[in-house]
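The structures considered in this document are given below.
The same chain A turns up in both complexes below, where it pairs with chain B and then with chain C.
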Partner chain A sequence: MNMVFFILRRLALAILVLFGLSILIFIIARVIPGDPARMALGPRAPEYAIENLRKQMYLDKPIYEQYYIWVKNFLTKGDLGISLLTRRPVQEDIKEFFPATLELVIVSGIFMAVTGILLGVVSARYRESWVDSFTRVLAYFGIATPSFVWLVLFILLFGYVWPILPTVGRLSRGIMPPPHITGMFTIDSILTGNWRTFWDALLHLIMPAIALAMGGLSQAARITRSSMADHMDKDYVTLLRAFGVPNRSIFMKYLLKFSLIPTISILPLDIAALFANGFIAETVVNYPGLSRYGMSAILNKDLNAIVGVIIVLGAIYTLVTILIDIIVAYLDPRVRLIRRAA
Partner chain B sequence: MEVHKMKMPKATDFSQKWDNFKRLSHKFSRSRISLVGLFSVVVIVTLAIFAPLIAPYPEHAGAFVDYAHASIPPCREHLFGTDIMGRDVLSRTIFALRGALLMAVGVIGIVTPIGVIVGLVAGYNSGSLIDTILMRTSDVFLALPSLVLALAVAAVLRPTLFNAMLAVCVSWWPWYARLTYGLASSIRNETFVQAAQVIGASHFHIIFKEVLPNCLSSIFTKMALDVGWVILIGASLSFVGLGEQPPTPALGTMVADGARYLPELWWVCVFPALVIVWMILSFNLFGDGVRDALSPEEA
Partner chain C sequence: MKKILKKCLVVVAMVGVASILLTSCATPQPPPSSSSPTPASTQPATSFKPEDYMVSLEEDWPTFSDPAVGADFSDMIAVTNVYDALVFVNNDNTIKPWLAEKWEMSPDGKVWTFYLRKGVKFHNGETLKASDVVFTLKRYHTIGEGTSWLWLNIDDAKAIDDYTVQFTLKKPFGPFLYTLVRFYVVSEKEVMAHLKQPGPYGEYGDFAKEWLLTHDAGCGPYKIKEVKTEEYVLMEKFDDWWGGWDPNAPKLFKLFAEPDSSTIRSLLASRELEITDEWQAIETYKAFAQIPGVKIAKYLVGHNFALRFHCAKPPTDDVHFRRALAYCFDYNAVVDPEIGISPGSALAKGPCVSTVPGWDPNLTTYTYDLEKAKEELAKSKYADNPGAYPVTFYWAAEVPFEEKVALMLQANAAKIGIKVEITKMPFGNMIAAAQSPDTTPNIFTEINAPYYPEAGAQIQSEMHSSTQGTVNNTHWLGTILDQEIDDALATLDEKERFAKYAKLQQEIIDLCPTIWAFDQLEQRAVQTGYFYWVGSDLNSVAACSGYPLYVHDMRIYPEKKPK
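== the complex of A and B ==
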């Protein structure tokens, strides 16, 4: 009962926060100097066409009325307005570009979680070994290196010096995209049994995915290691040892669950932040995803697209934070009710 | 029984402050890696301040063209090589340190007072309407990863270093508000705050003279740890062209421009990229040292 209340309260707050975010972004997007209609149609467009577009976009109305219309359209029809750049409804654009980014984030997130936790666990298990030193050095460099720097270095190393990976796009030239099922090329090609496409799509994902994962990975490794090392010195572990419980099951059954709590409360946020870091990585490798769409919307001052992309990202981010709270509460009953519901 | 005359450990006179400083610097210098960080930070700051004296070709930092010496790989005259316009990459990198440092100093200088005041006011009145309004507002700013919010704001404004700074500030102040809020709302229940209230001290006095001094070490720690992050976000903004504009050199812009000429002119892109890493790494190591020195656990 308490748990349900806790979740409902968090959801209600999240909706309020998203409303606030939409107002904030709406204001930011509208204070852009220059006439968006003029920018969309180019400097030589006739006056009446611009007037029409301004009417169509409700730019002739005061900002609070624009916001009201936007909210009403969004809530009743799921309509986010027309993108000035692609001339299509923003929600259609987002539907098209989102799967590509989701695919990238999933691959990157899996890599981040698995490698990070594995490195952390191994270096806690074998303290002062070479894995431990490697993890320590990686932790420093991983956090200090922006993902675009990793990406540029990877492109240089594995794209040119030792060309084993493709450097641009989602698929090589000459390979047809698989039929649209989920929009994620790797999954669609598995579902249709098209292994060549699957392999090609996966190869295109590797570099951006690893570059994006590096920061969160090193953080996860460091946190897992220190938390695990702390737990290993606790009395209950000594007790288990004294009882003759084999090392292996102490590790797998007892240590892992408790010492992963800090990692788990950080990892999903890092994964959600990948959507944001993708903004730059996708631009570098010309990967046609939501982040690149958002980036070009930002650079071209495409109002509706900016608002749409940012609301989607904000919703994902907020949902993930709630999810973390629930997972952590499930793993660790101590925090269940103490945690401030904010 | 003797009256208990213990005062709050407050560094009032000079010698006490000096002792405090000596104790902290001793704690800081126990870790060799923090000292490496400190040394590195000093080098970076020196390079940035004295850039015109240190850089081998200071005139290359601006709009300078010398096609006769374009695209030279690293050699003795040009340690980092030259770019397609014949400008010395090392000189431009040294000058670019200035923008990156200015960004960090500016952002943290603006964000700290704003965030701290919001946090103090909300925390001191925790549970009240002011608290709800202030902290929910900061939640709105935290609903997006800071990079996205900074990108959106920077894109709206004209691309300059100052506007990039403002954009990062918009996404950064809530973290300070949150930190201070957490501290202030628990400190406010301490006996010395209640004592001050009983005596009739003003809210202003309590917030700034009783609560704030007890938050300072956490705030300083956060400031020290944040420098690297701000440099990282600033580099990302300039990487997509939303920072310092050419011909003034910026690290991110140099990497982005250089990436277009991979793999032939690798030095144009790789050296600024490595300098970004070096810079962030040094400030992180330094920040870790400050955190360890200021943390009360193992006094």
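== the complex of A and C ==
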């Protein structure tokens, strides 16, 4: 019951946070210098066309009235306004681009979590050996090198020198997208039994997903290693060794569970950050995702799109934060006990 | 361990379910059409698929293929290939009949009568009629976006009969015929069938603007097959096009954007890209040229690269100060074929590009001469302490060579004591900065492309007060040349008009509102082994964006494509 109350309270707070965020971003988007209507219609558009667009976007009204109309349309019709960049309703753009980014983030996140934790465990298991040193150096590189550098490197290696991976978009020439179910090509092609499309879509994800994951996985490896190394010096581990419990069992059965808690607290946030940080990778490989759309919106002063994308990203962060709390409480009973005591 | 695995599985399953639920909220869309284009009547006897006859051109995004909306480079490429205009511009910038087979002008230049080609079919199967031309003008006037402003001077249009249309102008306009290369005709029936109500245009709803984002209503050689927002526009050949087809003309044409040069390089190497964009760095083109079967096409395209002065903001409000900076610019070094910033580009002479009709070759302009720069600076009101008046300089982040130009001018200006402060800025922000004299910098870079292939286009867009506050005109000079420009544009006799242009061009040069850096030699990496595009063999092409990349005239030979 306490947990239910906790979740409900967090959700209520999340709504407040999103409401505040919407006000903030709504104002910021509108105080950036430049007339968005003029920018959208081109340098030679006549004044009547500019005025027409301003009216359509309610830019002729005071900002508080604009916000009121925006909130009303959003809450009553799910309408986020028209994007100046694509000339379509923003919610349609988000529906189209969000699944592409989600697919990329899921693949990247899985790779980040599995590889990062694995490297951390191996590094801790062989602490102070060459394996540990190698993994740590690798992790330093991973953290220090921006994802787009990795991506450009991968493109040159696997798209040009040894061309085994596609470098652009979501599907190759001549491959038809699967019927729309979730918007994620890999999942939709599995659901419709279209294995050729699945394989092609997966190949298109490999380079951007790995490049995006490099920073997070390196961080996860370092945190896992450090946490595990801390636990290895604890009395209970010494006791287990004294009882003759094999090292493998100590690692997998006792150490891993406790050592993973800090990693699990960080990883989902790293994964959620990919939604926003993915714009460079999406731009480099011409991947039609939400982060690239958001970046274009900012550069082109696409007011409604900026607000729409930020609200979606804000919602993702807020949900992920709540999810982390639930997962940590689920994995570590002590957290639940502390909450109950509180 | 099993427990942990089980818990992890539960977590993964939760994430999976959540993600499917989130994305399932999207409105299901039908799968894209898989219909292939109808084979051409004279298809070569091979087993190649339509995709093998696809030409991919990497340019820019967004691409608006609605002629009443689009005006940017990629828009014009799409529009020119999907819609036919009343007249067509050749690569030597001469005009030839197109949808209009012939025309007449009244003695006062206000009434123009066009006789339309018979038997032209729109992509929906309808036949082109004069009423479609009248409707197109109404749509341009009502929407007012893109290149619509070109025809604000048309007071009335009427269909005399099915194949004769008459335009009445508010006032005579000498280059009127040249502007019609942009008059892309839409099918009235198709547009009216796709109006969305309610919309901002009264009884016309949205004038089918939403529908035309992903479809077309044209009669050009290609029709829209698929538009993936933020990705590409895919066009397929229109078999019933009135001009006929060569068996090796491209069957599909894909227009897309790819900003990363390493990705472009891999696409060229894998023969998935036939023509690149024109915005890459020189070093990048050199790298592209290393790929076997890829050559760098170089041609003058009617763009001039300009450093525009804010003529109402200190210190560039002083004509002598502006001239001092103009004499600081090393014109020859910039276009040097070996070490230049834009190697092979032509030296610019004034506000008009040397390839457009109406440009005067006898103009006296500025050269790199630091002594003259010092003399001019000495005459300026800022001569005592020029360093106290830093010159702000914005360059477009999307065009890498502009930074080198900025640095060169900064270094040369420093030699005579002028301080130049450089700012890199996304072009979108530059558009915003151009809108007000307060936010316009002292120097604003711009690649000026004429909207129609005639000198009047560039003179008007750069100097007329009606364009003030746009990226074409950041001078804030007011109306000082308006009367003279209007008079020249209203002159019907071409010889007389060009003489007036020549006088204007020299006056503008003397006023020094701009450093005209060079007439840009456009470069694109092009496949040559299995693909032919006439632009790759020419020194100059039509000074009218879109037309040089007329896909119907390209050729593709899939049997020659390297495996």
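Methods note: the second predicted complex is superposed on the first by the 325 of 342 C-alpha atoms of A that agree within 3 Å, B and C clash if a C-alpha of one lies under 4 Å from a C-alpha of the other, contacts with A are read in each partner's own complex, and residues count from 1 in each chain.
Heads up, the rule we're going with is that contacts are C-beta pairs under 8 Å (C-beta built on N, C-alpha and C of every residue); 3 or more make two chains touch, one makes a residue touch a chain.
It should be emphasised that the depicted structure is a prediction, and the values quoted were computed from it without experimental measurement.
Following the overlay on chain A, a clash is recorded for the pair chain B and chain C.
When the two structures are aligned on the shared chain, A:Val168 is found in touch with chain C, with no touch to chain B. Contacts of A:Ser259 after superposition on the shared chain: neither chain B nor chain C is touched. In the overlay built on the shared chain, the residue A:Val285 is in contact with chain C alone; chain B does not reach it.
In the superposition on chain A, contact of A:Leu156 is made with both chain B and chain C.
Touch criterion met: A:Asp93 reaches chain C, while chain B stays clear of it. Residue contacts after overlaying the shared chain place A:Leu85 against chain C, while chain B stays out of touching range. When the two structures are aligned on the shared chain, A:Thr224 is found in touch with neither chain B nor chain C.
Of the two partner chains, chain B and chain C are each touched by A:Lys301.
Touch criterion not met for A:Thr186: it reaches neither chain B nor chain C. More residues of chain A are touched by C (comparison of chain B with chain C). With chain A used to align the two structures, chain B clashes with chain C at 278-286, while the other stretches in 80-88, 224-232, 278-286 or 350-358 stay clear.
In the superposition on the C-alpha atoms of chain A, the part of chain A touched by chain B in one complex and by chain C in the other spans residues 32-33, 152, 155-156, 159-160, 283-284, 299, 301. Remark: chain A residues 32-35, 38-39, 41-46, 48-49, 52, 55-56, 85-88, 92-93, 95-99, 102, 106, 152, 155-156, 159-160, 163, 167-169, 173-174, 176-184, 187, 252-253, 256-257, 260, 283-286, 288, 292-293, 296, 299-301, 323, 327, 330-331 touch chain C in the complex. Contacts from chain B toward chain A in the complex involve residues 135-137, 139-141, 143-145, 147-148, 151-153, 155-156, 158, 228, 232, 235-236, 239-241, 252, 255, 258-259, 262-263, 266, 269-270, 273, 276-277, 280-281, 284-285. Taken together, the chain C residues at the contact with chain A in this complex read 1, 4, 7, 11, 14-15, 19-20, 22-32, 34, 49, 51, 54, 61-62, 64, 69, 71-72, 143-149, 152, 200, 209-210, 213, 228-232, 256-260, 262-263, 265-267, 269-270, 272, 426, 428-429, 431-435, 439, 451, 461, 467, 470-472.
Contact residues of chain A toward chain B in the complex are 13, 16-18, 20-21, 24-25, 28-29, 31-33, 140-141, 143-146, 148-149, 152-153, 155-156, 159-161, 272-273, 275-277, 279-280, 283-284, 294-295, 298-299, 301, 306, 310, 313-314, 317-318, 342.
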